[in-house]
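Shared between the two complexes below is chain A, which pairs with chain B and chain C, respectively.
And now, the complex of A and B:
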């Protein structure tokens, strides 16, 4: 009797099922990944080697799309605008975020509330943030113009002036994403051991030396991670610009993402746009890899 | 080097009273151990001296200087932390040299000094490593080197040996003692380990519940404890305490009359003695019918190699007895516990020592 049930059990859990079970369990997830990640990626790569007319591929062009990019003045300009935007926004965010995190490390009345308030911009939908800033920047009825007029000045041109529009965009990004820097850096600061700081105070270091000799060196890996994350993310900035300026005035705020979007959907050059985005993807990938290598080196030393 | 003085130091953390009016004086060039169970306020006392915590009330002096409101860096002290607190991003040499560097010592002088203390602590070959590449014992040495690289007014050590394994702790205990004697440095050493306190210190200050219980040289702490707490906290196994009732000829302990001489008996009477204290090594195992031996039964026998610890159940409670290595008793066996009443001390009902032992085993206190 007992041997009988045991034998049936073995048959049910036979070697075949045992081997197949993990794959069966993986199948749904794998299908989704293939469908929404791998296939579109492959399709994008394929599209980047073709020429399109009226939304349909008409010919294979090999790497010609990629070569053409580097003689396209509009592409080069949008790349330059993006690099300027990312470098400026991320460095301001890093400095501001670090300063805020250092400040919020101290315990005092209302600190919990302050920490919470500081995170709010990050959790607002980007499009809403952009609309908010358009209401602030608008030259006719915007907040800045209203303020200026209340103080006896004239209307303020933000979105109509190339330099002001670019700065306005950076300000928006800083406002929205400094909280992320702040959050990561605060977590990093809070995880540092206390004793070395006390030892340094006993050894004779003042606040500035403690920061320069201990806090900053110990925070370098965390800072690097935060900057890399933000850089990758900032390269893909789209919705804020789309709502705020659509890339204008002229090409002043035309980030690579906006130019790519225009190429694909306005100018219907699907293949060319695909090549553009693949190129940007590779650039970001290279950035990420070099950042990780940098981190490893900091870690090892 | 300087003396250190606590004057009526109080520390509250919110409603929690951690130190209640601590008065403590450490003479110049002396090694003081602050001893007590965890939560007794010893680390808080040290941190107040370091300037890492501010006292709620009272004053702290280093030498003639009132340092109560000074920043740690202005107090001219060096500290060794329990977790060593090395600077992780700096090399060993940079760690050791940091107190000099921050004070603007020129590089040549700094290098010479680093080399000197590194050779004293035998870590000269580690100077280019970083803390994470060192073992616990090596980190300990680096932390010590960083403390002695300057010539501060006082050394503060917060349980520096508690993160080491047992064998290394023994070695470092001896080394720190030697180092401190060599430097003739005023040292405040916080520990919960009574063996460390007794073996290393010139003076031991026993703390409990935020209050100083007794401050005295180690032998005196051991032989003439001020109260029941000190008596039982210092010594391993701890002092045996049994209820004692006064009678005509002496005191009644575990159902037996223990005769006392006239002077001690009078002192016991005057203080209305409630308990007797006996060190395990002052007790000996005897036949159960020996005159004056307290009758009991063997509860646990623990052979230690060099001796045997015997726990005996008596009428008023259990006592530990240090018996010879050849002790051959069996659990449950009847046994007598013999002792010389001159070695006993007596506590009154408040737990204060009313009558000290007479014999000091030839030691001068």
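And now, the complex of A and C:
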């Protein structure tokens, strides 16, 4: 009798606990996310409708910060620099990564070494990657200058010249992130079915035909995902620019993240910077969700 | 024969492009500042370890390294525990109003937003809590970012594990949580490892929040400390190069050690 009630009580407790279990399991993670990410996000939204001026009380300005952005030449320029940087870097990375993945698809000696070495650029701390490239570009201590002098030439100017500095930043990003493109696309190529390729070989199709009619169409979804991931990531690039050029010379490499950081921490315009960051967040989210929709369409067709 | 030659040449070219900048960093770190700026040598003619010694004796690199290891360890460990539990709940339970799916989508959305967007309010939050320039402030911030990542990644690993195994354990008298802990979690170990590795890389390398939230060697991490060597008027190239080597070494070593898991984690989401 006694053991019977005990057993039933035990089971009931267990059932009750099981009912609450999903909530209990979600609670700790959600608590910290709500506290450290969501609350600040809301706080940032609130701050973006205010103006903070030293010595005067906080004033509510509604959407004025947001409106002001679109007549701020420095903001528009940083947006343009960011778009140029992302478009150029990501497309070069996609082309190079794809070519390299096709090249590595067939096993040959040295491929393991190649794959291992290609991991290094993307795991090195971005700050250190920027140091690497400062040491290459520096007009006095740089590798390019040393090589040029060894061949009888003069010093090389990269970071002091607006166009060269911008290209130098793109080259840095290509060096750092082409390997990721390569790894994703190689995994994609390796997961393609064999049959269509064998059939094409039996039919005597040339390698260009195979690429244009089979490989590329079949790889489109993976390629799209890799490009979207990289684009979203590149949009937030900060560390490398902060260490390499600090946005200069002039505004040549001042990406939107650098401009926002300076607005907040150097110029102390907290409300305006908050509006700027909310705008970037919305742009990236819109980009991501339209990309997801596009991918679904590719998948369906 | 010609394809073989093309392969060899391409391999050498790619290796050179990746390794030359790294060679130059290491080589510069072994030169004196005089040799670097005045002689422009292509390899260290008078190799010296002074630059490294200076980092630890004069520039607090020991503290930076300790801070990085402590902050990375705790934020990844906590996020893995919280994240794995959250991911399991989302993968296995059907909640009212499809709440589990909405929570998953919400966490993914948070992950897509560039971190720089919440930099200012997080700074203000840590300021008001008195957590600026402390381990705790960094750990809290990184844990939150890592939780969104761990939930997203672990969820798909849990979905791959058949429910039958847990049900069998529960028939044998395990509670639901017991089945999760004793059956599912060990089966998801490879996924857990891939997740942890990725989180360690991202956390150890993080710079933006370390820049805003720390100011002294008490809490500065490696990337943050390395960046303090830069931007003075007389650039100390030799120290900077040595700092680059010290900063990169632990994480590159770690990445090469766990290479296979790393590649799986990196390519998993995209190919599926």
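To be clear about the criterion, the second predicted complex is superposed on the first by the 276 of 301 C-alpha atoms of A that agree within 3 Å, B and C clash if a C-alpha of one lies under 4 Å from a C-alpha of the other, contacts with A are read in each partner's own complex, and residues count from 1 in each chain.
Keep in mind that, in the parts below, a contact is a pair of C-beta atoms (placed from the backbone, for glycine too) under 8 Å apart; a residue touches a chain by one contact, two chains touch by 3 or more.
Please read all numbers here as calculations on a predicted model, not as lab measurements.
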Clash or fit (per the criteria above) of chain B with chain C on chain A: fit
Dominant contact partner of chain A by residue count, chain C or chain B: C
Touched partner set for A:222, first chain B, second chain C, both or neither: second
Superposed arrangement, angle subtended at the Cα centre of chain A by chain B and chain C, nearest 10 degrees: 90
Which superposed partner A:251 touches (first chain B, second chain C, both, neither): neither
Chain B versus chain C as contact partner of A:28, first or second or both or neither: second
Partner chain in contact with A:72 - chain B first, chain C second, else both or neither: neither
First, second, both or neither for A:238, with chain B first and chain C second: second
Touched partner set for A:262, first chain B, second chain C, both or neither: neither
Three-chain overlay, closest Cα atoms of chain B and chain C, distance in Å: 15
Residues of chain A at both interfaces, chain B in one complex, chain C in the other: none
Touching residues (chain side chain C, partner chain A) in the complex: 4, 7-8, 10-11, 14-15, 17-22, 24-25, 28, 36-37, 40-42, 79, 81-83, 85-86, 88-90, 92-93, 95, 100, 103, 107, 109-110, 112-122, 124-125, 140-141, 143-145, 147-148, 150-151, 175-177, 201, 204-205, 207-208, 211-212, 222-223, 226-227, 230-231, 235, 237, 240-241, 243-244, 247-248, 251-252, 254-256, 259, 262-263, 266-267, 269-271
Chain A - residues contacting chain C, complex: 14, 17-18, 21-23, 25-26, 28-30, 32-33, 35-41, 43-44, 47, 100, 103, 108, 110-111, 113-121, 123-128, 131-136, 138, 140-141, 143, 145-147, 149-150, 175, 179-180, 183-184, 186-188, 191, 222, 225-226, 229, 232, 235-236, 238-239, 242-243, 246, 257, 260-261, 264-265, 270, 273-274, 277-278, 280-281, 284-285, 288
Partner chain A, residues of chain B touching it in the complex: 50-52, 71-73, 75, 77-79, 81-90, 98-99, 102-103, 130, 146, 156
Residues of chain A defined as touching chain B within the complex: 193, 195-196, 198-206, 209, 213-214, 217-218, 301
